[in-house]
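Naming follows writing order (A, B, C and D), and every chain is counted from residue 1.
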């Protein structure tokens, strides 16, 4: 805390608590997704149907639970990767992270809407739009963290830009062709392997171009 | 643990576990806010209405969820700032922090009341009063942490005093003019930028005055 | 990991993850207590009553929520104190800690029973019995941690023995005089100051007696 | 980050955040198990029955809650043991850990089904099958962590292989003899002491054989 520039140092926080807090919020958001499933089971006092029927008659809520779990887990891993050995975080980054956490915390709401209205076009767009917003905010955070690094370390991390682009594409598909339903989201799980395949080559090219 | 003063050292705890525990409680409180929203969605077995209607017919609960999320996230950031590189914490601080956590944990209750009774004066005052209590306790904690620092480090941190003053003002407004509803709470989100603008100047003045 | 004694070292774990996990469970248990309160609020679609009525007509659930919050927060602080700078933890201690976590996780169940049946003698005993079991397990953990310290460090920590004794007393009172209701639990909050007053003197006596 | 092998180092993450995140998810999954119990208690506004009746009439949900708590706590301890002083974790391990977390998060769903349909063969197999899947994934993770160690450190840790084998056995029993109900799960709690008894001898043999 030199006298010359006390303001920036004071406002930039160490990332540990921010990350621990974010991890906590994501872990809870992920786990709360199961609560609507638990509510599908009738009360012990007045059981009706059977265990198997509860599953076969509720494939839409169970599927939306599994899909949201997979997507949030994937976003968490991307968040982990973005902040891995990040330096101190700026107030702007804290703010963007808070909005990102909002998109995660709100997820049980669109997830349950998908379970109840599996064929509704608005619900589809609302669900995919939330995922796209979350992914776009991760991309913004990737950019902000990159910018706060020393120039020499930049470009060595590939963040969530690929996922963001895929989700933008899926979101546009839901706008023009909602009849395809949730199938375009499978692209999301193909983007990982594709990125893993392409990223090292892109980087090698970039590094050569720089040298 | 010298023989001369064993008592204070034994009762003062390292802040790590206190902060991790507080972060956990706040993260869960923040995330549980979504549960009433998830309950707005009808069961998958007997769907009625549509995805869009669930949103347009429940603007009050959705708005109170978003407002409470924003306020708790803001309080968490203030808590983070208050305790950043704090020395060991006294039993009194642990106690005040526990009461503060109570004001956070209880938030889903007034939040849901706001969603159900958006025009009720008592509910408005109860909600804003809870926020004010939470903010006042943060100010008390700022003061207690400041006092435990070495004198040279004091005054370099601006804590949540500004937010506390704004919430006291808003609380007074709800007492005399409840018909204004929740709009005065917008001041809360203006106080951040205002403080960021003013604080460095105030501090520069203070530092000059001290030298 | 010398060849001579690999078994004990391999089974004794570092306390960090155990404590972080316990803190997480307690933080969630504490926060879930509010959910029954949030359910007291009628749905936004069919509001009846007023904000004030929800509070005045539900004093028993609100009171049991506040009481359980205060007790769990107190137990957490005691747990913090027991494990503060503890060495590696034995499998037995992990096991006792798991049973202790069970008594914390189960708390929303007796808490809600108290809110529904405030005058029921069985409910009173079940609630106080759960608290006593939790406190007794804390005392066992205090003892186990003490034993794992070097002899020179023993006796310098006063754990939760006082709270355990007070809860045993209160539990016995509920068995013979359930008509006193929940009032004897107030003793719990007096035991803290009493212990703070007495402990240093007892210790000074002990230290003198040892020298 | 030498120029020679940047790819593996970049994709392998430090285990701290993965473990903290997993601990958070398990802690929440464990704690959410109590929510169906809390819902057994009638509303404070319309109490019926008594505190004792709520317990005696709901032994199946209470038993399934206690059983799931014990099993998840045991799995967490096994997870702790698998990752204790693990080196950096590979993307594959992150992926397997995510699927494992899914088996934990989903637990409240089969647990509540057991509480409602205690005599249903499908429910029994679904519940035990979930436990077996979770345990098998732990065994896979044990293997993956072992492989990432230096050869000299391998074989010194006994992981969750024993539990996995016991659960496979119990799962097979539920397939051929569902009328035995949940009793075979007791084997799970006997496998711990058996392993503790046998493991040091097996290891001593292994170490002798190696020297």
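Just so it is clear, contacts are C-beta pairs under 8 Å (C-beta built on N, C-alpha and C of every residue); 3 or more make two chains touch, one makes a residue touch a chain.
Protein identities per chain, from UniProt: A, B, C, D = TMEM175 family protein.
Small disclaimer: the values here were computed from a predicted structure and weren't measured.
Under half of the residue numbers at the chain A (TMEM175 family protein)-chain D (TMEM175 family protein) interface are used by both copies of the sequence. The two copies, chain B (TMEM175 family protein) and chain C (TMEM175 family protein), are related by a rotation of 90°, based on C-alpha atoms and rounded to the nearest 5. Compared with chain A (TMEM175 family protein), the chain whose C-alpha mean position is the greatest distance off is C. Between chain C (TMEM175 family protein) and chain D (TMEM175 family protein) the centroid-to-centroid distance comes to 26 Å (mean Cα coordinates, whole Å).
Residues of chain A (TMEM175 family protein) in contact with at least two other chains: 20, 24, 28, 32, 35, 40. Across the complex, chain B (TMEM175 family protein) is touched by residues 19-20, 23-24, 26-28, 30-35, 37-38, 40-45, 47, 50-52, 54-55, 66, 69, 73, 76-77, 80-81, 84, 156-157, 196, 200, 203 of chain C (TMEM175 family protein). Only residues 1, 6-7, 10, 13-14, 17-18, 20-21, 24-25, 28-29, 32, 35-36, 39-40, 57-58, 60-61, 91, 94, 98, 101-102, 105-109, 112-113, 115-117, 120, 122-123, 126 of chain A (TMEM175 family protein) touch chain B (TMEM175 family protein) when the two sit together in their complex.
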